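One structure below.
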């Protein structure tokens, strides 16, 4: 009997412990991650007003005690009718896609090179990739201002060498924008690719070579398909944050290079139009969801390969 | 011999009633009055809707070295994990030394386990690994280090105290894992594929060491293995497992010579099997007609069966002889052609294609270096066996 | 084959140069005598002294370190709990919800996270009167929400590779569950915990966008101050600051790397 009671007590305390382990983080994320999105969605369907908060309530008790729900789709109509927003969307997509492509183009050979390097050098190379990632994002973007501006380092060098007569305008152009994104997000591409490529079994390559695969065939038939999860993971890690990027377009991009992240910020802080900013956020989320699912699947595959 | 003395010393200091070993001629499982040390009663385990264990009952006696032999997925590891307390059985009872193990947590059981992966704590050195269990039982520091030293000398690894597991060879890790599991002086030691990770030569040496330690310490061992040779050479008794049930329990010799089912006959060693129908069943005279043979099978003992019932006759390859001239008797032989000869040094294996297109295997010792009666490929040959050499199986 | 390898090597070297040219130029011009950050006019350390006397930056740095350390610590606890729940408990209500919410912040654009959290705080304030003011507390809460996701991912992957028989062995040798956790699980996953904490710290210390949304009067973190200064034009003081940060990060990263090597798999 005593044994039985002790057993019960233990079972109860174990259950309580398990519940705490699960529900503390779950509750936190519900409150500070999921609920905020619901609020954003709600406000995106509200009408702007002058006051605090700067939007009209969605739920209201009318005089005859009826709950009225006012859904205002005007913010979304605005997004589709004003070419400013549509252009910003398309532009963001284009810039994010192209930057992802360029990042992959540089990142893949680098990841491959590191993964195939000697073990001693490999760790140092990896450290060299991670190091910029750990130091300030903002300051690394800032560094490019000094390099790219009209009397900046690159123009000065080119002028001194006599290659150009007058400075090339690079800062505040799309070129600077692309440089900034590729530069900032390169480690995010290299690291998942490296993690994938380093596990690539050398024997598979030997087997393919043994069966007559030439270098190019080897790459396209063995290495590339096997590294697909890494490519997808890396691409998503670049593409998705690049869509909503705010710092890089506002520091390096031109005034005409419109990206949604920047417009959202402006609507929010300069125009104080919270409903439109929320509608922009909701719309931005809808284009992110598809890549998000792709990313999740790639992650799952990686885990499956690991096991 | 040296191992024996040290082992006795280790156990003498701490445990006086457990240092007699199981004498070779005492077989408690044959004694109806003997009390089993480990009782496994009607244990079932269901994962989802798959039964990993199906109503398993088993008695194991003190100081036995019992082997659970089976393929992967036969339920042997599940049974071991239930004994250790890592899994709860769906039904059934386990008793150890008269004590019901239900509701007793793994850390309270008088049982220790040696894991297949050894599970040595990578962040602790050899000494800390071995001492871990002793610390948990609240032993004093001086006593712990004395115990660790004795265990290290038991496994012949004196001076390795400060090594980390990754600095050890496979065999050394195995021995440290053994010492760690022995340190708490368990009543029962569970070993999950203890030799599985070692290469063949080391495995043979370690086998003897394991038996030696077990015999001198007198602890009851339950070993899980998929390797029948290992089970044969280690065990006092073997329990053959098949799809969550115990197919047969017996001494190694019993399992090999008198398999109870076709599964056991086929799983342990190799065997030739003929399917046939009973045509006569009288005192010491059982006759079976098999379409796979030209003549009848005659067996000099009886089993309970009806006329016309389907039975299987099983005979080991080494119990069949080969001769060139036709035998005079009217049963227990088969005519065929030598299809393949595999020379293995001590013996040669012959594959004979019978008239019925059935193939049988025959093993012959290579008695002389150049055989006078050489049998060669494609030769017509008679395979002959004695009426007491095979077993008749009903299932 | 050899030619292909050369091409890979060539691109890689260019890639590393690309990664480091801006950083090196930052460092070089932090020692420039002139106020221009693109024309060299002699060695000087005066910008470092100027930086140390700039109270606004020093205060912001202190605040950022405090926020980062605090939020990283809470992130570590919550993230580890989430990782244990996801990798150790077979099934429970809300498991897929938890796993989704844990991986989403990894790639959520900062502007969305920032906006949504701000709107949450505003809503909460009108409902329950808390938080009365935006500031360090709201920034910390925001940073925990994404920091714990990173910790959870790192710790989870370590737990998935964890040989469970190690814990069983400890249990078998007489250790109770809590003891097993502190003796075996914790030491073995500690490298993951350390890198999780460092990552959460860095992300918090580095964050501009989310903090800008949820900050309030008197709570200007270092990135907010730097950003406002950069918009006014570039100054060598910022270069000096960047150099200090980069050197600190390099020292820490190297130490961490050496430490990792000591701990066997």
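Each chain carries a letter (A, B and C) given by its place in the written order, and its residues are counted from 1.
One rule holds in what follows: a contact is a pair of C-beta atoms (placed from the backbone, for glycine too) under 8 Å apart; a residue touches a chain by one contact, two chains touch by 3 or more.
In this text the structure is predicted, and so the values were computed from the model without any measurement.
Q: From chain B, what is the lowest number of touch steps before chain C is reached?
A: The least step count works out to 1.
Q: Measuring between mean CA coordinates, which chain is farthest from chain A?
A: Taking each chain's C-alpha mean as its centre, the farthest from chain A is B.
Q: Could you work out how far the Cα centre of chain A sits from that of chain B, in whole Å?
A: Whole-Å distance between the two chain centres: 58.
Q: Return the distance between the CA-based centres of chain A and chain C, expressed in whole Å.
A: 15
Q: If I count partner chains per residue in chain B, which residues reach a count of at least 2?
A: As it turns out, chain B has residues touching two or more other chains at 105.
Q: Identify all positions of chain C at which a residue touches two or more other chains, and write them in rising order.
A: none
Q: Which residues of chain A touch chain C in the complex?
A: These residues of chain A touch chain C: 14, 18, 20-22, 24-26, 28-37, 39-40, 43, 53, 106-107, 109-110, 112-114, 123, 125, 127-132, 134-140, 142-147, 149, 151-153, 156, 183, 186, 215-216, 219, 236-237, 240-241, 243-247, 251, 261, 264-265, 268, 274, 277-278, 281, 284-285, 288, 292, 295-296, 299, 303, 306-307.
Q: What does chain C use to touch chain A in their complex?
A: Touching chain A: residues 1, 4, 7-9, 11-12, 14-16, 18-23, 25-26, 29, 36-39, 78-79, 81-82, 84-85, 89, 92, 94, 97-98, 100-112, 115-117, 119-120, 122-123, 126, 141-142, 144-145, 148-149, 152, 157, 160-161, 177, 198, 202, 205-206, 208-209, 213, 223, 226-227, 230-231, 234, 238-239, 241-242, 245-246, 249-250, 252-254, 257, 261 of chain C.
Q: For chain C, which residues are in contact with chain B within the complex?
A: Chain C residues touching chain B: 163, 165-166, 168-176, 179, 183-184, 187-188, 263-265.
Q: Which positions of chain B touch chain C when the two form their complex?
A: 84-86, 105-108, 111-113, 115-117, 119, 121-123, 132-133, 136-137, 164, 166, 180-181, 183-184
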